[in-house]
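First chain written, first letter: the chains are A, B and C, and each begins at residue 1.
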Amino acid sequence: MKKFIDHCCEKCTHTKDNPCKDFVKCCIEGPVCHESSSCSARRKAIIDEVALNDQFIIC
Amino acid sequence: MYEKHLMICGATGCLSSGSNLVEEALVEELEKHGIRDKYRLVMGGCPGFCEVGPIIVVYPDEVFYCRLKPKDMAELVEKHLLEGEIVERLLYKGPDVVVPARFYDTIPFYAKHKFNVLRTSGIIDPESIDEYIMRGGYRAFTRALSMEPLAICEEVKEAGLRGRGGAGFSTGLKWEFTNKAPGPKKYVVCNADEGDPGAFMDRSILEGDPHAILEGMLICGRAIGADEGYIYCRAEYPLAISRLKIAIRQAEEYGLLGKNILGYDFNFKMNIKEGAGAFVCGEETALLGSIEGKRGMPRPRPPFPAQSGLFGKPTTINNVETFANVPLIVKEGGVLEFAAIGTEGSKGTKVFALAGKVRNTGLCEVPMGITIREIIYDVGGGIKRGKEFKAVQAGGPSGGCIPAEQIDLPIDYDSLNKAGAIMGSGGLVVMDEGTCMVDLARYFLSFTQKESCGKCTPCREGTKRMLEILDRISEGAGVPEDLDTLDSLAASIKDSSLCGLGQTCPNPVLSTIRYFREEYEEHITDKFCRAGICKELFTYRIDQEKCTGCTACARVCPVDAIKGEKKEPHEIEQDLCTRCGSCVEKCRQDCILVVPQGREADVSN
Amino acid sequence: MCVEVETVLPEIDLSELDAIIEPYLGRKEMVIPVLQKVQDHFGYLPRPAMEQVSRRMRIPLSRLYGVATFYAQFKMKPRGRYIIRVCKGTACHIQGSPKISGRIEEILGVESGETTDDLRFTLEEVACIGACALAPVIMINDDPHGRLSPDGIEKILEKYS
């Protein structure tokens, strides 16, 4: 998983043609649709890559 | 994970100071030490302080380096990155700080800033949608999708957002009109034509945070029931256009543009149109005509675009900065947060392009209601070379000037209108004693005169007559009746023009006459331009007491009109002098005086 | 607004023109993008190209010229290798851009809107290029040059041959 749009595992179903309503929340806090610590770690890794510190969450 | 992030300003201001060369040098240094992949370099949006560019901000330390040269990079890499020591030499220094300032918040230029619209500019990579999302982006849009369209209009109205592109009309109300207009097909249009010569805030937002514009337009689309949007951007902004294209592609890939967005019954297609260089195309009806492939000529309103706009369909058209504010309002709890800033009638912040004779030029975002004094002296750091503040021009060619007496005027829509200026797009050009107000009025009028589309006679011909009079005055052939003629011409042009261009273009003339009448009279009766701008109306003379004979002026004079021995006071040979002003810029003693013609000899008293 | 349309026709290679027009056939609202692409290709809008655009897109030539001459971006004459754009924005004006353009006109012997005989430079004006902080500013092709003074111009122009 390199980008938020990539699937974290096969349980994730979000695509352009089959979107889920919580996509944006899912990017940051996800995964929303299933429980998986390794999947949330993958998402966190994307954030950590460019996150600097808490101050940079803008809105 | 990266050790540090280096944000290099890649906006036009810094590019022309050489930030691309600085970046190349930085990459080279990093590679030399084999540490290139430990650091993330982003050529990002503009941090605003163009005066001291090129700028690099090092995060997470938040150290602000400025006035950088390629050769400084070796030291920056070795000292800061490798040894963790701040390079004092490259920090911000200025007459307004005692010790070199390390961070944003210790630089006086930034002290009065309130970052809203420019919240991410210079911090995020404008070409990464992931970064926009993790900073909270597209959350407001997700929320809007779950809301009733009219409830979105209501929130925008309640927040008190007024258009940032011109007249300051309530954005929520405009959306409501379009929402209520009948018909299944509607459009959202973003006005990114930024025609005001002297303003570049829209460009900065487009280049620094393109996704914010897309999000604002999407929310608008949801609120008015539109499924297609157009961004009309000046062709002179190639970087903005390419960043917008990237942003649109990413949003499509993520399903934030397209069909059934995020599973809701909402489709949206985004298009970009490049302008082709016509100021009048910033006017909304002309802009719509230009998108349709016609000459950009305004048409009468009503019907307003909200009823019949692009291709005859109901259309909402807003400015870039207006759209950039929208996500902040529609996010959870955003209405109150937004409305807490600003004044009773003007909410939120405004981005100004501060230019002219102030020490610190650049972009600043400040709360509405800040005074001119605060902008010029606190943000702007005062007037260059310690000269006297004379006036500030607000609102570009449609606006007016505000004289030094009104320096405590709060900057909001209503106060500016009362003073004879307008908010316009937010250009603020500061003038000092070396600016001639007649020349300024002539400058703006010649701009609008050239840009008039020619459709209505008062605007096409009237401006021409006004310009001829101003030309005459500045050439020394003015007569006392000219001022009344200007007044009456201005009144008829304002009354009888079809669009905002004609209705506002006499403003710079009227406001300079209103506040600087004596300067006009001086041009007309005394044939003297005290600012030393109108070439026929003054001569230069060297102050014989002050001149040290440094020869700087003689060396720069292109026509060799300055004579004199080294270390002896110099003199100007009037027959040769072309009044090009090169010498005035070079003289460090300020001893080249502007005096009325024919009186070179007796000015000593 | 009247235009001079060049009477002596230089050699124009129209072979790639159809490919430029192709995607926009039947979409009259796209004339401006088409003209922009044509100008990108030729550097200006040559008369034979305009005629072909008119025929292929079924837009009367008069209307096509009507649109093209309305917008400052479109040029009807060939331009130089280097386009000098002198910023005539407000900030640049009060910081002395008239002196800058005066000096350039003096050096090149052409006025704004004109091209030198050797097709080296074309001198144009532009309203604000967004570098007001560095006023007065000129752009030569895509390079901005800021904080200029009249006596420094010659050196800069020398770099472009």
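Just so we're on the same page, a residue touches a chain if its C-beta (ideal position, glycine included) is under 8 Å from a C-beta of that chain, and two chains touch if they have at least 3 such contacts.
Just so it is clear, the structure is predicted and the values come from calculations on it, not from any experiment.
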item: Pairwise touch network: line, ring, star, complete, or other; value: line
item: B-C compared against A-B, more contacting pairs; value: B-C
item: Whole-Å gap between the CA centroids of subunit A and subunit C; value: 47
item: Interchain centroid distance [CA atoms averaged], subunit B/subunit C, Å; value: 24
item: Length of the line joining the C-alpha centres of subunit A and subunit B, rounded to whole Å; value: 37
item: Of all residues in subunit B, the ones touching two or more other chains; value: none
item: Sequence positions of subunit C contacting 2 or more other chains; value: none
item: Subunit A-facing residues of subunit B, complex; value: 1-2, 5, 40, 59-60, 119-120, 123, 125, 128-131, 133-142, 145-146, 252-255, 258, 260-264, 327-328, 331, 334
item: Subunit B partner contacts - residues on subunit C that touch it in the complex; value: 1, 28-33, 35-36, 66-67, 70-74, 88-91, 93-96, 99, 102-103, 126-135, 137, 143-146, 149-151
item: Residues on subunit A engaged by subunit B in the complex (per definition of touch); value: 3-5, 14-17, 19-25, 27-28, 46-53, 56-59
item: Complex contacts: residues of subunit B adjacent to subunit C; value: 11-13, 15-17, 50-51, 53, 195-200, 203-204, 235-237, 273-279, 290-297, 311, 353, 355-357, 361-362, 393, 396, 427, 429, 431, 435, 440, 443-444, 447, 453-454, 556, 558, 580-582, 585
